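Each in structure tokens, the structures are laid out below.
Two complexes follow with chain A in common, the first pairing it with chain B and the second with chain C.
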Partner chain A sequence: MTTLEHQVGSHPIPNPQKSLITKLHMGTGLVIGAIFAFGTYYWLRSGQDMTVARNVNKVLLISMFMWSFGFMLGIGAFIGPFRWLIGKDLTAEEQLFLAGEGQGVSRYFRYCTDHKVVGIQYLVGVMAMLGVGGTLAMMIRTNLISPGSKFVTPVIYNSLVGLHGITMIVAMIVVSTGPFGNFILPIMIGARDMAFPRLNALSWWVLFTAIPVLCSAWFLGGIPTGWTAYAPLSVQAGPGMNAFVATIIIFAISTAVAGANITATVVTMRAKGMKWNRVPIFVIGATMSVALAIPAFPTFMVSMIMTALDRTAGTTYFDANFGGSGWLYAHLFWIMGHPEVYVILLPGVAILMEVAPVFVRKPLFSYTAAILGFAGIAGLSVLVWAHHMYMSGWLPMLNGPFMVTTEMISVPTGLIFLVILGTLWRGKPWMKLPMLSVYAFLWNMLIGGVTGVYLSDVPADNYLHGSMYVTAHFHYTLMGAALTGAIAGLVYWFPKMTGRMLNERAGYISFWFTQIGFQILFLGMFIAGAEGQPRRVADYAAVYRNSDRISTMGAYLIGTGMITLLWAVVHSWRKGAIAPMNPWGAKTLEWTVPFPVPLENFDEAPIITSDPYGYGRSEK
Partner chain B sequence: MTTTTSTRNNKSAIGGLIFVLLGVIVVSTVGVVLHTLSADPQKKLYATVSGTMSTPQGVLPHAFIEEGVYPDSVLSKSHGANGGSHPGWPSYGPATHLVLPAHSYVTMTLTVYDSGEKLNHAYFGKVVGTVDGTMTIDGTQVSALPADGVQHTFTLHGLPTSTQDPLFVNVPLPKMTDDQMKVYDDKGTLPVGHKVVFSFITGGKGEYVWNCEYPCGDGTYAKFGAVMGQLGYMSGKVSVA
Partner chain C sequence: MSSHDHEVEEVLPPTPGDRVITFLKRKDVVQSFVLGIFFTLVFVILGRDFYPKWMPTIMSTDMKANEALMVAFTYISAPVCGVVLGIATYTFLNRHTGDTPPEDGPAIRTNTPVVVVWGIVSSLMALLAIIWGLVELNVGSEAAASEARTAMVVEVTGSQWVWTFKYPAQGIETHELNLPIDQPVIFDVISSDVNHSFWPVQLGVKVDANRLQTTVVHTTPTKLGAIDVKCAELCGLYHAYMETTGQIMTAADFNNWVTAQGGHVA
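Take a look at the complex of A and B:
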């Protein structure tokens, strides 16, 4: 067995004092990134006519990428690859230093390769992104509290919608696979680490560099296009659009790296005896999610590179006047966009399928059906993208086939439902917080799913597309189902990740505020949408006043619930009750390791002899 | 022991409430900042009332307002001495937030100085919503312009709400030919522009927007970029007060 500790022996590892690696951290990354960004900006602009939009776009985009590169250089991400270029590698001591052993809190601010540190970094980062996106949502709903409220100008409103959308989408894509896929998943499969620990750190810190880039949009005039950034609107938009383009390109690199890493880890590093039919369902869901993201996100990145070229180099990929096509953008976007919905949904649902057997003390009902459901969703999700383009005028003869593939996706989704219902059937649920989320999911996903069937139907979509009905539908699936699953995961694995129990009372208050507010907000929005209120518009006709006012009240309830959850997390992390090793009595491997989880997780490599859901039956 | 636990629980509950309140304050502060940033950046131009006018709705106060339409914002002088951050953009001036009296007969005079190409939609070449559906150009009464004879439009409209009277006015503005652009006024700073005069009647109080429907933005995509997406140049507000 070759592990880091075996390589360097059992002695405490001294800091490799002479190594540059020990000098680099987030602070040096920020400084060098800022120097690269501003240095590039002022150097490039001195030779450009900055009254020409294309030159401004060019200078800003290059500066943003240089920020990201400079930060990664400053935090030490390229030391290992540079050593490879000169035929060397990091020493064992340096590798152990990178793993963060014995560094306390400071390891969370370094280029740390320990998957548990990366998991915590993702958790905090995702919570921050959700906080920002949620705050923007409160602003949007405040502006819509009554017709003509003029809380913000239409220009700022458009930016609010665009930034809320893209911030939430980025956060939701990593909300489950980021924290739990990194912290919990390797332990669940009995691995000592991820397959590529340095890529693991790279994926987080690259994503981190995208956050300031996205925030810079505020200071550059905002994003006026909504999160879909449709061309040609995105091509002619102001300087803030560069922040969107750069963010997506950087984010796509991060997700590709993370996806490849998680997939490789699950395929190659499962414990002895963990055959595919013994892999915990969360691992299956998370792996399918990231594997689906690997082919999906590059098309988004390509669309953004083309947008960047149209904005900076005078190409006309999306300009119909010169042989380009706006449909080309729509295709590239939605070929990513619809699988992306399931990239978000699958791990959230998988968490709930992981939670349900634990809290009803029954085996997961039809593990095979669950796998088929996931596989069916993943497979069909790449064949449905053009249902977003029914009304665009692109090849109407294909509307029918895309309607069929879209409606077919209800079948594997139904399987997932049946698996959860079958698991609950005649069980005696232990009504803890994670279990409440399972029931909330069933309700929300039912509404999200059924309303989605109407939108998949071409004649109905003719009436409903572009309305608040669509907004309500996808919030029911993404927030009502996927985020609810992620919150269940947070509560469920909080004891393993922090060593403490989450404050239950605050958790219940948060749950009910959030779920009740959610129903009020989005059921109200369904009504407004069915009556014809368009989405993404700052003002509306007086006829929608009541629906919108009700929706805004619901939004404030959600806001209160989410702040309460944030308090529960912060308070419990600091002062919560000390958690036992396995507070839920679960059977998966992560509950067999103590807190804090040792650097390489297991003293002895585990050997798996049964499936992880053998509640109430003898082991096979 | 029980008292200690109870005290700790109470402290936690109070801490939680304070945390939630702080959270609400943070979110509200963001809202206040955004609201402040949303303050109307446009200068206001008030109509002056002088006399009355007999109309089918009765005798109404007669209000007058004058604007110019310039090929760049250096000439319009409505965005600073050197044209502000976008000196090359066409602009209305001296202001783009017009304040008109309610229930009045408003006569608007626009002096226009820009050249033109072609309207995307011929509808905006028609005069709509003015008294008699006409306007005068340098004293000649017309009711429409050809699509390729327009430099900009003044198109005033509002959302159909139950709380304010509808108001829709569309006036196409004649373009300056290349030869006309070479004939300067007495000061030598501006060409001698066309003088466009039209009148319309306002209803009750309300907030409306106006914009130019002629695509006068930068070169990207049918010229709907840049200035066409920015308040305060070729679009603005009308407050009927």
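Take a look at the complex of A and C:
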């Protein structure tokens, strides 16, 4: 057991004198980024006819990228690479400084290479993004409270829909692999840090620069396209669209770096004796998720570069008038888009699989089936993208094959259910918050999965495509399953990340408000979809009044639950009960290190002799 | 452990049949089974009632097939939901509360027959869904081929934010979609700007409207009454208001309407 006094301690605070590194932090990044952005903007603007949309797009896009570049320069991201150019590297003292040793809170605002700092940065960043996305969702539901409601104008409504969508997607992609993949995962595998600590800092701060860019969309007239940003609507759209394009390109760089880093860490830095069949299942799920993102996201980036070129340089990739095609965009988008939903889902599920054995005190049921399930989902997910295009009119003869691959995904998904049910079977689940999330997952994923089978079927999709039914379906999988898993992870690892226990009562209140509100919201939305209400509509006919009103009430319950969770996190982080080293009695390595986790995690490199699921009394 | 072992040693090695019977008599199995049956029934009732209750009037052969398929899929998935929710609820009822962890449960690491059977059954169910869907698709395309000879053509144009219907054989152009009953109809759909999605709701068909690319969808209206036409693809500012209505009419009414619009009866 350890207490908060057992801090910093033995190491002297490094002091690399006169090094530029010590003078750079988030503040200098913001200043230099702003100078780059506005400097570029006013400089480029002066020579251009700003009444031409193409010139506006060009100036804005370049300014946004210059912001990102300037920020990274200002925070010191390029000092290391620059030293390499002149044949040197950071000194040992500088490296120790970058690792944040002995700097207290200020290290969270620096280009810090310690994986635990990056994990906390991701956690706070993700919570901020979810907060913004959730607020947008509340505004959407408020506008839909009754037909003809004039809470917001259609322009603002469409922007709300698009920004809610993309903010949530970005947040959900990193919600588990960001905080837990960086903070917990290296400790779990017995590593001293990530394989590429500087790239780790890079991935977070690059993602950070995308956030103001995305927010700027709001002030540039919003985005009219939804998060799918279909061309040619996106090519026609106003200046706010540039913010969307720039965000995705920046975000794709961040995820590529993070994905390569996590994958390399897991492949090369596992503790001695941690064979592949002894790796904790969260590590497997998180790695499959980020590894799946590596081939998937570049197509999104490419589609955005092409959109940017169509908007600025006069190319016609997506303009049918000149031989382009909107279908090309749809393909590029969904080749990313369908693996992407599993990039979101897998780590959430993996967290719940990690949690279940601990709270049931039984081994994970059929580790092999879990791996097969993950691998089957990841493998099939790259072959199903055109099920989003059944109704696009693009080659209807291929609808059959895509229906086959899509429905095959239900088989590995079934294995995921088997693993969790098998783990629960004949156990006495300890009803702590993470365990409740496992049950919430089973219900939500069941509904999400079954409705997914309807949607994958072409004749049913004839009716349901583009309706509220689809929206309800994917919220069941992404929010009901993946976010529930991430919240379980937050509660489960909160003691290790903050040294304190999450306030349990507030956690329960939040859980029930959120989950009950969730069922009400999306039951209403399933009904609205079955009744024939299209998605993404700012207004609707009177026949959908009841179902939409039910949905809005459910949304407010979720809002209440999420605010409670936020309060619980903030309050517990500051004043919660001090956590013991291993409050849940788990057997994975992260519970063997004290809080605060020392730099480089382990005094002595751990040696692994079995998998971490050795619970249970043996019986014949 | 030891007392349990004694019991096993005293009796003869059980036959597979005995083991199945012993398994089925276990309290946890019986409980899960009863709960499973309960949840299966819940979903069967849900399947029977949900879509017929909430979906709009069936006004075409396609809509009828869509709804039948969704009802059937809910029936098929009902036992799956029953198994999952039955086991989950049974374990939930056995929960442990308090601030100390429960005792360890049995160390069941895997059970090969269960994994294999689970895999095979879920594969068969997926196969059933796949075959069903493919058969429906095939029926649909055969119907299209046979209807094509006698079908009436309507050229649908989506533009921000209005639907336009052109009846080439009748020589009229309108913003409301009126169709004669029991007459196969082919919609040639195109967009004059961004993507839209043509959705005559009660007819149960849908296809995107793309710029300079005609997409085709067909159906046969089978019931008289009003229909709604909506746009199912976000198309910009007034996407929500890009809707119109129409009527499925008797052939005589349709011809009168065509004449009143200044067209000629084909």
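Here is the rule we go by: the second predicted complex is superposed on the first by the 603 of 620 C-alpha atoms of A that agree within 3 Å, B and C clash if a C-alpha of one lies under 4 Å from a C-alpha of the other, contacts with A are read in each partner's own complex, and residues count from 1 in each chain.
As a working rule, contacts are C-beta pairs under 8 Å (C-beta built on N, C-alpha and C of every residue); 3 or more make two chains touch, one makes a residue touch a chain.
It should be emphasised that the depicted structure is a prediction, and the values quoted were computed from it without experimental measurement.
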Judging by the criteria at the top, classify the pair chain B and chain C on chain A as clash or fit.
fit
Kindly classify A:295 by the partners it touches after superposition: chain B alone (first), chain C alone (second), both, or neither?
neither
I'd like to know which partner A:571 touches here: chain B for first, chain C for second, both or neither.
first
Just chain B (first), just chain C (second), both, or neither: which does A:321 touch?
both
Tell me which partner A:224 touches in the superposition: chain B (first), chain C (second), both or neither.
both
Touch check for A:530: first (chain B), second (chain C), both, or neither?
second
Contacts for A:466 in the overlay, against chain B (first) and chain C (second): which applies, first, second, both or neither?
second
In the overlaid three-chain picture, which partner chain does A:559 touch, first (chain B) or second (chain C), both, or neither?
first
In the overlaid three-chain picture, which partner chain does A:53 touch, first (chain B) or second (chain C), both, or neither?
first
If you stack the two complexes on chain A, which partner ends up touching A:232: first (chain B), second (chain C), both, or neither?
both
After superposing on the shared chain, does chain C or chain B touch more chain A residues?
C
Upon superposition of the two complexes, what minimum C-alpha distance (Å) separates chain B from chain C?
5
Touching both chain C and chain B, counted on chain A across the two superposed complexes
155, 224, 232, 236, 321, 539-541
Contact residues on chain A for chain C in the complex?
154-155, 157-158, 161, 224-226, 228, 230, 232-233, 236, 320-321, 325-327, 359-363, 365-369, 391-393, 399-400, 403-404, 407-408, 410-411, 414-415, 417-418, 421-422, 424-431, 439, 442-443, 446, 450, 453-454, 456-460, 462-463, 465-467, 527, 530-532, 534-541, 584-585, 613-620
Which part of chain A faces chain B closely enough to touch in the complex?
51, 53, 135, 138-139, 142, 147-148, 150-153, 155-156, 160, 224, 232, 235-238, 319, 321, 503, 505-506, 539-542, 559-560, 563-564, 566-568, 570-571, 575
Residues of chain C defined as touching chain A within the complex
1, 4-5, 8, 28, 50-51, 54-56, 62-63, 65-67, 69-70, 73-74, 77, 80-81, 84-85, 87-88, 91-92, 94-97, 101-111, 114-115, 118-119, 122-123, 125-126, 129-130, 132-134, 136-137, 140, 189, 193-195, 197, 199, 201, 204-208, 210-213, 215-216, 228, 230-241, 243
Can you list the chain B residues touching chain A in their complex?
12-13, 15-16, 19-20, 23-24, 26-27, 30-31, 34-35, 37-38, 40, 87-88, 159-163, 207, 217-218, 220-222, 224-226, 229-231
